[in-house]
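Two complexes are shown next, each including chain A; its partner changes from chain B in the first to chain C in the second.
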Partner chain A sequence: MSGLPFAGFLVLSGALLAVGLFGVLTRRNFILLLIAIEIAMNAAILNFVYFAAFARAPSPGLPGQAIAVVLIGFAATEVAVGLAIVLALNRVKGSINVAEASELKL
Partner chain B sequence: MSSLFDLAGTFAPELVLLAGALLVFLLDVLKLRRLELVGSVSVGASLLALALVVADLGFAPFASLRTLSAAQVNPSLSALATPLWTFTSLGLVFQGMFLLATLLVSVASLSRGSKETGGPIFFGLLLLATLGMLLVAISSDLIFLLLAIELSSIATYVLVGYTRRGLRPLEAAMKFYIIGAVSSALSFFGASLLFGAYGTTNLLAIREVAGTVGTPILALLGYAFLLSGLAFKATLVPFHAWAVDVYDGAPSDVSAFLAGGTKKVGIFAVLLVFLGPILFAGAGGSSNPFQGGPFTLGPILQVTLGTLAVVTMTVGNVLALLQKEMKRLLAYSSISQAGYMLLGVTIGTAPAIAGATFQVLAHVLMKGGAFLVVAGVAGLGIGPLVDDWRGLGSRRPLLSVAFALLLLSLAGVPLTIGFVSKFVLFSAAVQAQGFFVWLAVAGLLNSALSVFYYARVLKVIYFEAPPAPLPTGGAVVGGAGPEPLRAGGLGIGRAVAIGVATALVVALGVDPQPLLGPIQAAASHFVFFWR
Partner chain C sequence: MNLEEIAFAILALVAVATATLSLLVRELVHTILWVAVFFVDLSAIYFLLYAPFLGVLQLGVYAGAVTVLLLFGIMVTRKRIFAREAATGLGPVPLGLVLTVFIFLVAALGELPQGLVAQRSYAPSDLSAYLFGPGGPWLLLLGLVMLTSVSGAIYLVREGRE
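For the complex of A and B:
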């Protein structure tokens, strides 16, 4: 476990998560929001790949890589549903701007 | 080959739901889209699955349930040495409660009128979401748990906006989706940090190694991210804002399912993830409290969760006082109820977990029933505001009595299930001594506070004059007043669902023992298992 460039990699994935969350908070276009969510999701996937490479002694690191592949598939599924919602919203409203979604008061 | 049959037998309830969902989608493709047909498939599948789960609970002694793990089913899997699922009696109890919610919503949705389109989508997604919930209840691996949560979440994102007509459901679906996706990203990030800290995502394995190995700071961060992700799903307070909009904008039957069903998934996930660290508190003996990460910080974790619980119930109750719309009022009350459930999880003793579980059961019946009443009342042509319900007591006596009983139970009036669950929960908190007594006091004060807004609704229903001349016997009085009630009434399915929910609320309030006993046994087994 010694000699890992721990901090460096964690800063990278933490930065990815931060960029994603910042995008979610600032972007008003639904498509860009989806991209931001994907970036945040990829931070977790990157972590799994990274930690799998430096896994603890008995396990061969396989679970982490398998999880990463599964999560990539999951992320694609999630985006598919998001795009379906965008399409339906665009059809009804003619706009995919999140800020204009004001039917429900906050 | 026999192991395959074992597997099928082990997962019978889940397979029944999957088959039901596929059958519904098949009927959709074959253009057999009648609401009654696809609805009966959904009712049948959830009833059969419920029967299987109850049978599992009934036939086996509580100590040795379907304890078939992945390694036992397929020895070659044991190389991974991490069972993805573990059957515990408490998990089966939660499965039963999830199925109960699905059953109520399915039965009620049978009477939504034949002009309703999208029946197959609704019932198919309902069954898929329930499948995800059932998998949550048996999971013992973080990734399995989170993916199961996502299975139910993704199905419910679509469920909220499935009508594709009108802006409100679609906007609710959009908000639900964004919040849900962000929270899942946070949860997975937390899981990845835990994987980095302990080298495994298996909750049982983490409990084994925790306190001795691990990178404490990674583990702490991991649990923090995981908590924030799961708190979104469970509508705990800093992460609750979406729930009100979504419950408000979604079709009311879907709101009933969200409040009565999927939200408890978050509660159970919090229980599953955090019970290990909490219970470890007693066993810890390390001189440096930060050495084992969260596993030696149990008390701090309990204070965090306890604060979250108190804040959740208080904010939910105070904001509910200010609401003018019925669905938003119920949504906020639902948030405050999540606080009570978290209270039981925080304490972590067997009686407290039994109390939280009973509170979940009570909430499935009370809130599911209440949202079903709201859906039915909307079908009668009554508006969304609380004031629109004026005089419902004289116009719809039976429906009003049912709704009144459900609200009284939410307020915790004796002889209803809501009283029993709070009694069990708060007495467990008092038994646990110390800090938890204050949690019980906060809970009691909150219960008293909540009486105000429930009483206001009851006053509106029973002691204020109806807004229009009384239609007789539910028939339409053509244009006599501004708001004549529509003919046709609730429909049989909805009436049955509301009736069953109300009857159970009262019956279990008068004599809770038939269910409270097994739940207590299951809770103590669960605590024993995770200690």
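For the complex of A and C:
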């Protein structure tokens, strides 16, 4: 088959994780936080898919792809719960800025 | 460089650029548009990695469902959906932390086996045979997590709860 670069995929995944982390650290809007977490989660799913593609002959790479399927489902449920939190926060505070939701701070 | 390597290089650049843009633009609706492009781009990368079923799943779940859910989230929480977000300072501390993480990850690459090439392609039927055979517990786990999270989401948004 092809000679796709192994290291290239891992650098891409690392870069996406870094971008997601950057979003989580800098943005204050809850929906943007959700998107940043999704980007970081996609970096993790990408890792599973390419370790499955690069599995050597005796070991089947199918478990990697199966875990990726399950993780895509997890990410979708995470967005659903996150948006429920957004709606609840908007009703209680009138805004979805996470800096205003500070009741649990010491 | 062969055709697949060129395709991967372009897709990787587009992925990083759209992910960064989606977190830097100030209109939330533009964020959703960029993140939709990011999800479609990742789906193309899955096709490149011989995972056609995952590519289609990524298109349906992420580029379709998640994008629309996020758009709904914006529509129900704002009066004008094209309103601009306040600019947030990028700050040296987050940038430094992110660069450190990235450099650490790239440095860890030296520990991995080098010179591997992608070897195999999986038909969607192989994947479903695995998921409904030895990988069954994973699907059960996914079902349980989805059930509990849907119950939790309904509890969070129900009326009359303060």
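The criterion applied here is as follows: the second predicted complex is superposed on the first by the 99 of 106 C-alpha atoms of A that agree within 3 Å, B and C clash if a C-alpha of one lies under 4 Å from a C-alpha of the other, contacts with A are read in each partner's own complex, and residues count from 1 in each chain.
We take it that a contact is a pair of C-beta atoms (placed from the backbone, for glycine too) under 8 Å apart; a residue touches a chain by one contact, two chains touch by 3 or more.
Please read all numbers here as calculations on a predicted model, not as lab measurements.
In the superposed pair of complexes, A:37 makes contact with chain B only, with no contact to chain C. Judged by the touch definition given at the top, the superposed model places A:17 against both chain B and chain C. In the overlay built on the shared chain, the residue A:7 is in contact with chain C alone; chain B does not reach it.
Once the two complexes are overlaid on the shared chain, A:67 sits against chain B and chain C alike. Which of chain B and chain C touches more residues of chain A is settled by the count: it is C. In the superposition on chain A, A:28 contacts chain C only, with no contact to chain B.
Judged by the touch definition given at the top, the superposed model places A:83 against chain C, while chain B stays out of reach. Shared-chain residue A:53: touches chain C; no touch with chain B.
Legend: residue contacts after superposition of the two complexes on their common chain; A:98 is shown touching chain B, with no touch to chain C. With the contact threshold set out at the top, residues 13, 17, 20-21, 50, 55-56, 63, 67, 70, 74, 77-78, 81, 84-85, 88, 92 of chain A are in contact with chain B in one structure and with chain C in the other. Taken together, the chain A residues at the contact with chain C in this complex read 1-23, 25-29, 31-32, 34-36, 38-39, 42, 46, 49-50, 52-57, 60-63, 65-70, 72-81, 83-88, 90, 92, 96.
The touching residues of chain A, counted against chain B in their complex, run 13, 17, 20-21, 24, 30, 33, 37, 40-41, 43-45, 47-48, 50-51, 55-56, 59, 63-64, 67, 70-71, 74, 77-78, 81-82, 84-85, 88-89, 91-93, 98, 101, 103-104, 106.
On the chain B side of its complex with chain A, the touching residues are 80, 82, 143, 147, 150, 154, 157-158, 161, 164-168, 170-175, 177-178, 181-182, 184-186, 188-189, 191-193, 195-196, 198-201, 213, 241, 245, 248-249. Note for the complex: chain C touches chain A at residues 2, 4-5, 8-9, 12, 15-16, 19-20, 22-23, 28, 31, 35, 38-39, 42, 45-46, 48-51, 53-54, 57-58, 61-62, 65-66, 69-70, 72-74, 76-77, 85, 88-91, 93-95, 97-99, 101-102, 105-106, 109, 112, 114-122, 126-127, 130-131, 135, 138-139, 141-142, 145-146, 149-150, 152-154, 156-157, 162.
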